[in-house]
Amino acid sequence: MNFYNFKPKSRIRDFIVEKFIMLNALTALIVILLIFIFIFKESIPIFTNHKVQQEAGLDKLIFKQQYYQGREPKWSWQPNSDVPKYSLLPLFLGTIKAAIVAMLFAVPLAVGAAIYSSEFAGRRAREFIKPIIELLAGIPSVVLGFFALIVLASILQSLSGFTYRLNAINAGIALGIAIIPIIFTIAEDAMTSVPQSLREAAMALGANPWQISFTVVLPAALPGIAAGIVLGFGRAIGETMIVLMASGNAAIISGGFTEPIRTLSATIAAELAEVVFGSAHYNVLFFIGTLLFVFTFFVNLGGELVLNRLKERLQGRSK
Amino acid sequence: MADQEIKMQFGEVAGRFSDSALKVGNPKMTIEGLNFYYGNIQALKEIDLDIEKYNVTALIGPSGCGKSTFLRTLNRMNETISGTRMEGIVRLDGVDIYRDIKDVSAVRTRVGMVFQKSNPFPKSIFENVAYGLRVNGISDKSIVRQAVEETLHRAYLWDEVKDKLERSAYMLSGGQQQRLCIARALAVRPEVLLMDEPASALDPLSTSKIEDLIGELKKNYTIVIVTHNMQQAARISDFTAFFYEGRMVEFGPTTLLFTKPVKKQTEDYITGRFG
Amino acid sequence: MNDHVQNAGAVDDRFTASYKSGPKTSGVVPKFLTLAAVIIIVAMLAVILIVTLHGGIGILSWDFLSSPPENGMEAGGIFPAIFGTVALVMLMVITGVPVGVMTAIYLHEYTRPDSKVTRLIRVAINNLAGVPSIVFGLFGLGFFIGFIGTGIDSALFAGGRPVWGQPAIIWAALTLALLTLPVVIISTEEALRAVPREIKDASYALGASKLQTIRRVILPQALPGILTGAILAISRGAGEVAPIMFTGAAYYLPYLPHKLNDQFMELGYHVYVMATQSPDVEKTKPILYGTVLVLLTLTFLLNFIAIFIRSRLRIRRVHG
């Protein structure tokens, strides 16, 4: 029997291809860095350019300003008035209000549904609930914004007689619908990851399903549920289209939720189209973008840390 | 059953295939001072062994003793697992396969492997056997076609598949799939064939088919087979090495090792005291 | 001895007595409450779907889908928006999916799970998934248009009207490709994990190199999972508006995009502008509902297909 004399393999070509693959794999990392660099870059004039600082320096973004002689100093966001006003406070307030409404609406529903799915539902019910949540997650935010603007606002107004049709509650509820899937998915995942051995120990002591859930599963999965809530909150802060369409877009300061609001993200979307390239307004909008990026960056980092730690702990116990 | 009787039973069975093929002093592969580590755990300790050409060498021992790990060092398949470390020398025809051969492919085409659970590719029967040729640069259709036919013959599988070469390999039975994997390994014309418990997942009929096949193959190939089935080792091998807890405790001609083991551990294992 | 047995019996009675009366909280109320949560969610989904269907089904017709808008969006169809959306996501897939697949391959086949590089890349991917979509829009504006596009212009044309340094379908597509990168990577990784170790071993044992094994064994096996990821990316990309608002989408164009630096109409953007800036909302309502219906149908259809492929994959894996 003769043996083959195979040609030696081309090491150079393999090497080049592997390096090419590695370079592509670094894209995600490079992009995150680039996003920060290029967004922050356009907001630097706020800190360095004297002319920009007179209009929109950091102090003018944070503190009350006296815009007109003889009038009280106040916080106000009106970049296009004759005296441009750049206080971020109304925008922060609007963002928080919408997020609060969204969380109050979404968390009980999402966590409740997750508990049902993980602890009470049979296999068939679970296989029904999962696609429902995925469908909900698949609704584009512009569609939810449309729905809130056209349908939900009218319903709410006729139910409650709000003065303003578009307000924080309207946008908040639609926002809540948008974040239910993410809270549900993470919470349900955390609960189903609790090892069977823990449940069986409780069962062997005579506990019924709810007792097992309440005393064993929920406490064990709590960090995961909390992480899901936090990540949902992060998503609510950054969401744009829903608030842009359904919140009334008024940058005012008030304590009520039945008035229109303006959020940070909606501000960017609404005003970037007409802003003059390189103006102070332009810089401030990019600065707001930087704030949003940094905030969601840390929220995501924190949430991921908690989830990883939880996974390790649960898997450790099951051994 | 008394120890003496057990050894006599082995004695009758052993050497059935190994009569004329016992040529000592012609090692195809030599292993010297082999130590192997998974991370901090040492799986193989100071192994010295000669694999004789055109013979069947069986590796026996209780599970977890390192025989499969050892087998994988013979064709550098241990390198596919990260975090492992090897010391010692493994030679093929006198050449250090780790230090003197740059391209690992050159080792693996000369030392082929058949795995415990048959693992055909999700491709047609033809493409499974042709795979080794294609990845090593042979694309001429007629050469490939001829090689596939030849090796399927060699693996005692041609008659059963000759009119369904284009069908998926998964349509074959377990025993047929394993013979397909053997054909696939033979297609690149290796000199040594490593077999890791090739029949452990098969029924007795398929097992005996494969044992007959091994008896036929050793005329042209050097075979190293890991098996936990001692009767099988006694039936088909010329040499046997007994592994225990990462060490090679005893090595010798099969007939001798099974009837007159030197070390007590070997005797205990053979007579079923443990493992 | 009898006493002993009798006492044991008494102890038994005590145990069984408290269990027979049932545990304190029977669990009916929590079960009911959480089930109510599920029902409410399902109901909300149903309401959204029904309302959209009800409002938009009337205007749905072949004409609607194939003709351009007329009379300031009060009549005509939405064909250019459909065309623009399709062109946009096709560009997005061509540029984004290969990068995502290569990232997943690198992470799964080339690196150890606990290496520094792997962990760094994973952190980046998870963060990318959480970046607000408007921030992507800013990035598209600042980086693709303001840096790359303007850079190309000054290198090739040196002054004059911007050619690449302006909103264009290619920049919008690239921005969306980055936004959907995590979806592709995660789906592909799941598919790669499902490839059994044994056939990779078989390939290496025959002398194949890692690249050959990837090309001939791993990728073909992982293809359905990769496809799922691409479809999910398309579904996501077709629905996002904030990233394309400033990078190339337009409300009305008299032409269809045919060059990489053309602007384009798009379904989601169309919904946004029509809903918020129509002079006569009542007149455009039918078209608005119709557009939403088309967009929703598109995203749901894609999601269904992806879910279907994924479940077929899981069945196949179980049966080998």
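Note that the chains are named A, B and C in the order they appear, and that numbering of residues resets to 1 at the start of each chain.
In this text, a contact is a pair of C-beta atoms (placed from the backbone, for glycine too) under 8 Å apart; a residue touches a chain by one contact, two chains touch by 3 or more.
None of the values given here were measured: they were computed from a predicted structure.
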Chain occupying the most central position, where position means C-alpha average: C
Which of A-B and B-C has more C-beta contact pairs: B-C
Separation of mean Cα positions, subunit C and subunit A [Å, integer]: 16
Where subunit B and subunit C are represented by their mean Cα positions, the distance between them in whole Å: 49
Separation of subunit A from subunit B, taking each centre as the mean of its C-alpha atoms, in whole Å: 57
In subunit A, residues with contacts to at least two other chains: 6, 9
Per-residue multi-chain contacts in subunit C, two or more chains: 207, 209
Residue list for subunit B, restricted to those that touch at least two other chains: 105-106, 109, 136, 188
Subunit A - residues contacting subunit B, complex: 1-4, 6-9, 11
In the complex with subunit A, residue positions of subunit C that touch it: 19, 23, 25-27, 30-31, 33-38, 40-42, 44-45, 48, 51-52, 98-99, 102-103, 105-107, 110, 120-121, 123-139, 141-143, 146-147, 178, 181-182, 185, 207, 209-211, 235, 238-242, 245-246, 268-269, 271-272, 275-276, 285, 288, 292, 295-296, 299-300, 303, 307
Subunit A contact footprint on subunit B (complex, rising order): 103, 105-106, 109-110, 136-138, 188-189, 191, 220
Subunit A - residues contacting subunit C, complex: 6, 9, 14, 17-18, 20-22, 24-29, 31-32, 34-35, 38-39, 41-42, 108-113, 115-117, 119-120, 129, 131-136, 138-147, 149-151, 177, 180, 206-211, 213-214, 231, 234-235, 237-241, 244-245, 265, 268-269, 272-273, 285-286, 289, 292-293, 296-297, 299-301, 304
List of subunit B residues in touch with subunit C within their complex: 75, 77, 80, 82-83, 104-106, 108-109, 112-113, 115, 117, 119-122, 131-132, 134-136, 170, 181, 184-185, 188
